[in-house]
Amino acid sequence: MNGLAFDVAHLLAGGLVLVSFMMLYQDRLYALLNVFALQAVVLSLSVAWQAWAQDAPHLYITAAIALVLKAIAIPVALHRIIARLGIQRQIETVVGVGPTMMAGIALVALSMVVMLRVTPEADPLAREDLAFALSVLLLGLLMMVTRHNAVSQVVGFMSIENGLILAGTGAKGMPLVVEISVAFSVLVAFIVIGIFLFRIRERFDTVDVQALDRFRGGQQ
Amino acid sequence: MAVIPALVVQGTQMLLVLLLAPLLTGFVRKVKARLVRRLGPPVLQPYLDLLRLLRKEAVLAENASWLFRVIPYLIFATTWVAAALVPTFAIGLLFSWTADLIAIIALLGAARFFLALAGMDVGTSFGGIGSSREVMFATLAEPAMIMIVFTLALIAGSTQLSSIAGLMLSSGVGLRVSLGLALIALIMVALAENARVPVDNPATHLELTMVHEAMVLEYSGRHLAVIELAASLKLLLYMSLIACVFLPWGLAVPGTGVTALLVGMVAYAAKLAVGGFLLATFETAIAKMRVFRVPDFLGAALMLGLLATLLRFVSRSF
Amino acid sequence: MAVIAELWCVALLLGTAVLAVIVRAPAASRAVYGVTLAATLIGFAAAFSTAVAGTTAVTLPLGLPWIGARFRVDMLSAFFLIVVNLGAAAACLYGFGYGRHEHEPKRVLPFFPAFLAGMNLVLLADDAFTFLVSWEFMSLSSWALVMSHHREPGNAYAGYVYIIMASVGTLALLLGFGLLAGPYGFYGFAEMRANAATPMSAGLVLGLALFGAGSKAGLVPLHVWLPLAHPAAPSHVSALMSGLMTKVAVYAFLRIVFDLLGPPEWWWAVPVLAVGGVTTVLGVLYALMQNDLKRVLAYSTIENIGLVFVGLGLALAFAASGFPAAAALALTAALFHVFNHALFKSLLFFGAGAVLTATGERNMERLGGLIHAMPVTSVVVLVGCVAISALPPLNGFASEWLAFQAILLSPQLPQWGLKLLVPAVGALLALAAALAAACFVRMFGIVFLGRPRTPAAAQAREVDRWSQSAMIIVAAMCLIAGILPGAVIDGLAPVVQSLVHDRMPVQLGIPWLSTIPIAESRSSYNGLLVFLFVTASASLAAYAIHHLASHAVRRAPAWDCGFPNAGLATQYTADSFAEPIRRVFGAYVFRAREHVDMPPPGDVRPAKLTVERHDLAWEFIYGPIAAGVSLAADRLNRMQFLTIRQYLSLVFLALVSLLLVLALWP
Amino acid sequence: MTPINGVTLILAVPAATAALLAFLPGYRLSARLNMLSAFVTLVAALSLFAYKPEPGPYILVDDLNIVFIVLSSFVGFTTSVFSASYIAHELETGRLKAVHLRFYHAMYQVLLFAMNLALVANNIGLMWVAIELATLTTVLMVGIYRTHEALEAAWKYFILGSVGIALALFGTILVYMAARPVVGEGLDGMVWTVLIQRVVDFDPAFLNVAFVFLLLGYGTKVGLAPLHAWLPDAHAEGPTPISAVLSGLLLNVALYAVLRFKMLLAANPGALAPGPLMVTMGLTSLVFAGFMLYRRRDIKRMFGYSSIEHMGIIVFAFGMGGPLANFAGLLHMTMHSLTKSAIFFTVGHIAQVKGTQRIADIRGLTVTHPMLGWGLVVGVVAIAGMPPLGIFMSEFLVVSSTFARNPLLALVLVGGLLVGFGALFLRLQGVAFGEPVGSTAPVEASYVPTGMHLGLVLMAGVYLPPPLVTWFQHVAGLLG
């Protein structure tokens, strides 16, 4: 694993964290989807690079799946859903953008500290890779927590999955099972979201989660 | 064959107690009358009353139950047995070990229990007033009495009345604070138990003030006679109890000759006379308390008894 | 093998319980009570044989896998088996007649034998797990019995409070056994006896045992469920619960403190004596304030349990300070009172049941004059009242007298704390005895004497033969135990020997069958002679007067100081009878206040007297706890209605905090 | 050709039936087929007792999971029997339409398949996939009624479940990363039997982080306190057979997964002791659920919270560690799943008879429907931990051993138990006793499953079969 491969992988993983930050910053749905597509592209590049670096051909398939599904298919589908629901403009975060960004930085710092406690003789790339993956995961979770809109929550969830894919591919030699499971979860996420969004739309005429909350268990 | 003479002595005690009781009551009434410059009924008047009542027919209320007719005899029996066990002129009698001081007090408790029931049997409001108040007084008088018994038992090391009197007689016991407290408490309890003046007026039938009389309101004829006799027996019992414990001089010690018995009887008669006189003077000198002042009066007796017991517990010397 | 016979008796009881559920035969009640009676008699005989044959034990492959379910009948459990089975046999006999009036027998029949089986099992258990399983099974079946009349308004609440207090007690005992067993789980009683607990943990175990057994027996702060639950059950079950279940609780305390904990410390006696003393007085003061017949009896159970615990406290104090003879006397007094209370409390509850069947009323204000309509029941209940008020010829006085003798021995105790506590407890005992007499004069007087206050009381009829026979037998036993206390004391000797390694002097050889607790010179009491003297002199006086003087009788309207035919309402009622005592004692015990609303002259409004009474236990212990729980429930209830986003933030916070813990971990 | 043995059968049969049922239109036939396949799975599971296959790279059957395999097949079978009569009634009342039922039975079999796969999986990745599949099927089943509340509950369950599963996946990856330097790349890094032998020289920090993620990830599926939000609503809004399976089995399977990883940590001395972590989460769940029971208006949601409470007790027991507490935890898992599913069977029929799940509208059951009423009473008495029934034995062991080691914790535990106990009996008194309210129509309920479950629990309360005891004791030693 010569220096160049390490630096490029390192760069791409850092790029993914940067894109997660960009997603936190968005307050328009369409822009959010575009940034999500960008994140998916960066992810597939990183996976492809890992494939080349570990010369593990199966990773190319994951990169391809990530590119096709996450970068193209899902954003387009969500785009069309948003267009039908006509909720382009409404996106309001629970906490202002400033505090969210601060929290994001703190989370990245936390994941760095937690991961760096791992003893150094474990192979260095794994440590940095996991640190970045953990940051993407925590940022995705932060996104889900700070948004009212169901679509943005789903996008947050998908960025968590991207973090997982980054971690999975970083782990050299992890058997194929991981790839299938990651693909499996992306597939299921897509189907279920589709069904739910249409049903929620059909029932509540809005996809705003707050409207949904009126029917919380045992309210009546 | 020491049993026969002991049996004779015990028999004389039981008869003596029975005979002296009405005399004591008559004597007390005579002295009270004299103190207020009244001539007063003759001393033997109680005997005449008893004989008159015995001959009359007993008038019972329509809804009086069989218990109403049995209770007078039960009260008389328990009081008489208790009185027979308290040493009057001699100690160490044949049956003195059948019941100690606690049992004697419990027998009096039984008599009061049945009297209260009799009060409630006919279902009139006066019987209820009498029973309810008598029972309230008892809830304070009986614990005070038991505290006194504790003190005496702790001093004498036994609850047997004969051995307590014996110890007092042998003057092994000097003047003690706890004994003084016990004496005052015993006098207060005796006044309450026998329905004497500060607690209850034995002479009057005024509805609102009477306690003891209210319970026996419905009795007549022979039942009333038996109850009156039992009441005077109880007064005699308390007198002989105070006498045998606190003025033991003159009591015949077991095994001594007939002369000692006679001396004992004379001393006992003198003690009764003094006791009766003191009771009469005390009654004329003091007015009757309101009913709800009596609990404070009896509460004081209970506290005195408890203090005496506590002192005995704390150290031998008190 | 006595223990095998006992286990067969328990198996028979459980079998009857199961059959009672399945079989729908019309004569089911008679069959169930018959078989239960047979089973209890077997148990009774087996317990007696233990006194002769000695301790027997057996281990079955049930219960905790590694120690199995151990059962053992030693002297202590034999005595309590005798008490329980005796009371149970009387209750079955009573149940023959009383069971017929039960309108939902299907809810009582299966649980009655199960309840008895539970009690017997508790007495047989020899390891912590079996003990607690049978203890809670006993509470469960008695809860079901309390719930049998679930349609009556107060019963569901009573059942609820009961089951909560029962499980609090069980958990306290469980913690106590946990301490005794140590971290490696030696749950067998034999192992517990072997490794003696450290003084500190022994004190804790004593506290837990007092709390656990006390909550079942009804010691004062933990008594609140007893007057609710016992009256709610059918009368013969209330007799079992009050008479016998409280005794099983005393057994639990004895087994843990006297047997498993090893040599006692002197300061153990302080809490037991203090709680016992306070319980006696408060129990009977509560009883005086009640108008419900069965509730009066339930509260008086609390008083008698307090007396038993005072005896146990004294025994602990004497045993700790090295006076085994005095400890034997105090323990004998306590066990004698256990035996007596089981008898006369069952008798009184049978009486209450008879009154309930005859009049359908439990409120004393609506009864009265039952002595005319129910002669047998009134005589028997009178015997019960005389016995429970500790009056001489009967058994109540015998155990009270022994307790006083034990108190009089206590100046020998060196510790200052006990020197001041014991006389105070003695005063409380004396006060409680007098109050008990007042309470039962009130009960008997208001219910049986006077004139019937309601038509229901007027048309009362005597109960059936079975109930009468059960009551008469128990009353006879009370009389015999009162007349021959020496025989009972000798019977208790082996039990006392096994617990405090000493016994009272043998009473058998003493002339005239009198009882001498310590020494001839000290004190003696002869129940038989007192009884003979009283009856002889009473009949002699009656005979003499009837023959020498007059025996004429005339019926006339009551004199009543000249007021003609006074109305029924002028009679004294339960409240008015207790009013003086409430005014004297109630002012500071219950903060009882009387508010008289007297309208001004000319105003037609009726005058009103209201008595305001507070139950301190509820207000200062149970009220705040219940309020705290419902406040916490309200506060946390908002957690159910959060949005998904908020739940996610909970998950997020949990994750971040755990990661922080990892990051900062040294 | 993979050998035909117990394990392959318990996986193949549900999968095949699921595929078949997906295309079977008729309800009556598919219900019967559902029962038949569950029964065959049960027989296959029982055969495991006789012949225990060698642990392969993907499949493992050892002392820990054999008991849970049999338990889940047994409860799966009894629930299918109950579900047949329950769904028949739902069809009559029109709450469920026929078109959904074809989907319902297929999903039921997929759920059984997923749970069995999770139990026997030797590969931690495979275990994760199986639990993910189980979660998704239950999400779809919860939403089957299509009411607003059901949808909201399903959506909540999906979001929280997926986040939990994502965390668990990250934990699994971390375990693999920790194992890679020692065990080498490839499949071995994921095989549990290999991991357990080599865990001694893994990097402790990796394991700590991994365990935190795994505990939070699978902890969400167990329903521990901060992560519990989905459980009560899923129980209340989903069909009752699913609540029974959810409460009875799925929670156990998730906890089983946590136990697998706790064994790993226990074997590595350097790693941070998982005890305090699990004890705190256990106690918070116990006390929190105890208090939440009081204000519940829906009977199934109340028993949902009771499941959280009992999971709290179990996790607390495993957190305390030591042979006694671990044995108690394993016993409690078994007893709880049997008792809770029996309660849900009874509650299902009660809700159908009375037509409502509101506690206030159900009164006097022991009068109108004695079998149901007393069944509920025995169920609640069992779940409250009263002795003659099995749960008392585990509570007895946990409380007494905890008090001997750490009295303060025991007091909090006892406090939580009492609070929960009070709420359960408060509601039981109202529901089972008092003047009857609502319809008194007779119900043709299937009492066999409830009877079998409560019978087993009663038997376990008094007598534990020796083989079960040896297994639990052996595993208790392993759990550390």
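Should a chain be cited, it is by its letter among A, B, C and D, assigned in written order, with residues numbered from 1 in that chain.
Everything that follows uses one rule, which is that contacts are C-beta pairs under 8 Å (C-beta built on N, C-alpha and C of every residue); 3 or more make two chains touch, one makes a residue touch a chain.
Quick caveat, the model's predicted, so the values are computed rather than measured.
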{"item": "Per Cα centroids, the chain farthest from subunit D", "value": "B"}
{"item": "Interchain centroid distance [CA atoms averaged], subunit B/subunit D, Å", "value": "79"}
{"item": "Mean-CA-position distance for subunit C and subunit B (Å)", "value": "35"}
{"item": "Where subunit C and subunit D are represented by their mean Cα positions, the distance between them in whole Å", "value": "44"}
{"item": "Centre-to-centre distance between subunit C and subunit A (centres being mean Cα positions), rounded to whole Å", "value": "69"}
{"item": "Sites on subunit A at which at least two other chains make contact", "value": "114, 117, 141, 144, 153, 212-213, 216-218"}
{"item": "Where subunit B touches two or more other chains, by residue", "value": "none"}
{"item": "Subunit D residues counted as touching two or more neighbouring chains", "value": "155, 159, 163, 167, 209, 232"}
{"item": "Chains that touch, pairwise", "value": "A-C, A-D, B-C, C-D"}
{"item": "Subunit A partner contacts - residues on subunit D that touch it in the complex", "value": "123, 125-126, 128-129, 132, 136, 139, 148-149, 151-153, 155, 158-159, 162-163, 165-167, 169-170, 173-174, 176-177, 180-181, 184-187, 189-190, 203, 205-206, 209, 232-233, 236-237, 296-298, 301"}
{"item": "Subunit A contact footprint on subunit C (complex, rising order)", "value": "640-645, 648-649, 651-652, 655-656, 659-660, 662-663"}
{"item": "Residues of subunit C touching subunit D in the complex", "value": "61-66, 128-129, 132-137, 140, 147, 150-151, 156, 159-160, 163-164, 167-168, 171, 174-175, 177-179, 181-185, 187, 629-630, 632-634, 636-637, 639-640, 642, 644, 647-648, 650-651, 653-655, 658-659, 662, 665"}
{"item": "Complex contacts: residues of subunit D adjacent to subunit C", "value": "155-156, 159-160, 163-164, 167, 208-209, 212-213, 215-216, 220, 226-227, 229-230, 232, 272, 277, 288, 291-292, 294-295, 322, 324, 366, 381, 384, 386-388, 392-393, 396-397, 399-405, 407, 410, 414, 417-419, 421-423, 425-426, 429-430, 433-435, 461-464, 466, 469"}
{"item": "Residue ranges of subunit C in contact with subunit B within the complex", "value": "368-369, 371-372, 375, 378, 382, 386, 389-393, 397, 401, 404-405, 407-408, 410-411, 419-420, 422-424, 426-427, 430-431, 433-435, 437-438, 441-442, 444-446, 449-451, 512, 514, 520-526, 529-530, 533-539, 541-542, 545, 548-561, 566, 570-572, 576-581, 583-585"}
